[in-house]
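In the two complexes that follow, subunit A is the common piece, with subunit B as its partner first and subunit C second.
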Partner chain A sequence: MSILVRDPGLETTVQDTGRFGHYAIGFPPSGALDSFAYHVGNALVGNAPGAAGLEAVYLGPTLEFTTDTVIAVTGADIPATLDGEAIPLWESVAVRAGQTLAFGQLTGGARPYVAIAGGIDVPTVYGSRSTYTLVGMGGFGGRGLAEGDELVPGEDAVAPRAGRRLADDDVPTYPEIAELRLLVGLHSYRLTPDSLERFTDTAWKVTPDANRVGYRYRGAELEFVPREQPFGAGSDPANVTDCGYPVGSVQVPGGVEPIVLLQDAVTGGGYATLGTVVSVDRDRLAQTKTGDRTRFVSVDLDEALTIRRDRAAQLDRIRTALS
Partner chain B sequence: MAVETGEAGIRYDHGGDEFVYAEVSTAMSLPAHFTALAITRRLAQEAIAGVEEICPSNASYMVRVDPDRIHPRDLVRELRRIESEVGDAASADPSFTIATRIVDVPIMLNDPWTHEVLMKFRDRHQDPEGTDLDYGARINGYDTTEAFIDALAGSPYLVTMMGFVPGLPWCFQLVPRERQVEVPKYVRPRTETPERAFGFGGAFAVIYPVKGAGGYQLFGSAPAPIFDAAQEQPDFAENDSVVFFRHGDVINFRRVDEAGYDEVREQVAAKRWRYRTAPVEFSPSRFLADPDGTNAAMLEALYS
Partner chain C sequence: MAHTITAKTPGVFYRKPSPDAEPYVADGATVAEGDVIGLIEVMKTFREVKADAAGTVATWHVADEDEVSIGQELVELDT
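Moving on, here comes the complex of A and B:
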């Protein structure tokens, strides 16, 4: 009973909700970057909420199933086929032993997710099945999938069933310019007021340096307020005394390329941070790709919490509707 | 901007909906660190619902909060209360001590491996003509690189932060401010740093657990692993941990030459490397009153 990797795509990793509780020793959470697509995938195939699934980027994997199962493809807009026949996205689909799942060219978003009934059985490392490639831990051998790998389905199936479909209204769309809401703060006082304004006024372009660690952008130059640097920080105006970085925080080394730190990022360091993207919008960010445009929209804490609550309520409603 | 400042001058802010950041001081100092340490220890004891992770750092700390269990603004209120209760007691009150350990960490300074890498990246360095050690010696006012190396290895360090990548210790030397070394980070970060490189940036020494990018000055190399994913070495297996260091460890970097380096590497290859450690009860107030005396007593405990 297994799933054979015929072609891993660009980089396909096993991910779940993430690895928590070890941030203080330097473990980032890892886990699915687009948490919405991941959770909906599990709900569609009838898995327990934390079941491990596959996250791909730009190119989907080619997978051959040696057993009957139920799968769902969510996330990016990408044609998916079973033995050459198109299958719908955001819908659970029955797969028969011997069939092959393959993908065409991405038309929107960046990361397709594949949920498989039962999840994927890889060892739990520090509380999670998520892959953290930097140190080679978690997931399938601590790395992205490779041709010839054999995945074994897990035991997290609750009620596997084909034909569950996400309501059209709940299917995310990926407009040309992604809007990411963020809470300005932390070391934002290090930037001139003009530069802070420029940060939210600019339609930033995603550079090729965009992956699970972080996304780097170009589009404007930001300036730091001149100061005598505090002891311990180092002499560059972009430096602060090394501190913890929130997941989703934005730093601007050199003032030229803002970086949003994501789920595989470093947990701390010495760059001034100007704010933090709200957790829900990391889903949207995960569906942007090199060359795409992104705008950052400033929100306050209450708005950030409302966004979070609305997303939780939406997922609850979806899970109930699909159960 | 949601900034609040508490009684002892700590600045609070929200890192999105999931993190609260508390900055004791913009500058690094041992008293600022001890305050952050005392507050985070108390916070851990109080086990407030919704406090998911506590990350003490050099002169600040961060909390991952579950906003569904505690409103982040209510958490800041709790943190301010603890701030007013704890204040600067960590540095002033002799009864505040930290049960920790001192660890012997062999280090080869001016080693061939980091030298090879740092020479590749001179175009990203402040001083393309020299080496990182020569540069550090000069800007810190040392007559010779050898004297600078003596200072780097001359007194123990405190692990004041863990992170960046799993297991990396930020180490702050336990000496009065006027004896502390400070160096800038590279002008542009390197794309390459050898595994176990001993680096220095700002006022902090680090050991890189794994190879990767990095911007700290490269001064040397540690022969013993500080990250062990397979937990092959006995220290890691016995602690059931992939990282060796803990926040609050005292580290004595002991200089070794190439023969000493190779000797440790042989033990690592045989999977029987063990760090030498000794338990210590670290008192910030006693240390601040008599740094050299406190260090001498800890070293005595480690090597006697």
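Moving on, here comes the complex of A and C:
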């Protein structure tokens, strides 16, 4: 009863919904970056919400199954095959013992997800099976998968069945320029009004420094309002007195190359936060890759909360339809 | 016959293992399947780019330190 890792792909990790409740002592949540793809994957294979799955990036892993099971590949647009035969994405597929799952060249998005009936049985650490690679904690040995690893399926399956398919209207598309909705604040007053406008007017390019910790962008320079350096703050105009960082918050060290902090990021520090990407759109961010363009669109708090409620309702509807 | 090696991941392409080193493969050099021809840096890690065919280096489509995208043509080999 195992899944053999023949080729790990690139930084393929075990992830679940995340590790919550320890942010104040410096634990970021980790967890699947594209939570929609992750949750739909679990619903497709008949898992309880929260079962652990695999998150890959750019390249998929090659996995050999030693037991019959049901899997679903969601997320990025990437050709997936079982023993060389193409399998559909966003649909549960029966796997026979001895078959091998492999991936071709990705054509859209960035991160494929593999859900397996029963989830992946790794120990829970602080209440989660998610991998936090920076400190080597959680998931499979606290690290990305390596060739020769053996994953053991869990027992979180409610009713695995092949042939469950996500409705076409619910399948995300990955446009050339990703639009990420942004709640402006906490320290947006530190930017000049022109610069704040420039931030949302620019089609930012994702740099090669883009991973589960954060995404760094290039495309414009932003200026800060001159000020007297406050007590406890660093000398960079982008510095403020230390504070907690929201997941999804945007910083601009030195006024160049904004960074969006993601699920594996530091939990606090001394850079001004000019806004926070709404949680639902971190899914979309997770499907952008180095070289892609991204635009930030300002929304207010009511809109941000509506976006979150709508997503929760959509997932409820999908789970009901697939059960 | 020609064969083109393409990028499997996006990132920054390097022809050399380190800034002062010689390139992995010189222009006109012969490579065997599996030989390392460069590196792609992405997500703060370096991944080796290996020749997926044997041949002679004919034309580079990218320069050292160019940013590349998935599927982009890196180098053409005469096979």
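The rule is simple: the second predicted complex is superposed on the first by the 323 of 323 C-alpha atoms of A that agree within 3 Å, B and C clash if a C-alpha of one lies under 4 Å from a C-alpha of the other, contacts with A are read in each partner's own complex, and residues count from 1 in each chain.
Heads up, the rule we're going with is that contacts are C-beta pairs under 8 Å (C-beta built on N, C-alpha and C of every residue); 3 or more make two chains touch, one makes a residue touch a chain.
Source: prediction; values computed, not measured.
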Subunit A superposed: clash or fit between subunit B and subunit C?
-> fit
For A:Val250, decide between first (touching subunit B), second (touching subunit C), both and neither.
-> neither
Name the chain, either subunit B or subunit C, that contacts more residues of subunit A.
-> B
Does subunit B (first) or subunit C (second) touch A:Ile78, or do both, or does neither?
-> neither
Using the superposition on chain A described above, determine whether A:Gly136 touches subunit B (first), subunit C (second), both, or neither.
-> first
Look at A:Phe27 in the shared chain and tell me whether it touches subunit B only, subunit C only, both, or neither; answer first, second, both or neither.
-> first
Which partner does A:Ala210 reach: the first (subunit B), the second (subunit C), both, or neither?
-> second
Once the two complexes are aligned on their shared chain, state how close subunit B comes to subunit C by Cα atoms, in whole Å.
-> 11
Common interface residues of subunit A with subunit B and subunit C?
-> none
In the complex formed with subunit A, which residues of subunit B make contact?
-> 1-3, 13-19, 21, 23, 25-29, 52-62, 64, 67-68, 71-73, 161-168, 170, 172, 177, 180, 182-185, 187-189, 201-204, 209-210, 212, 227, 229, 242-243, 246-247
State the interface residues of subunit A toward subunit C in the complex, per the touch definition above.
-> 10-11, 57-59, 105-106, 208-211, 289-291
What residues on subunit A touch subunit B, complex-wise?
-> 20-27, 126, 134-137, 142, 182-186, 188, 230-236, 239-244, 246-249, 253-254, 266-270, 273, 275-279, 300-301, 304-305, 307-308, 312
Subunit A partner, complex, touching residues on subunit C are 8-12, 41-45, 47, 67-71
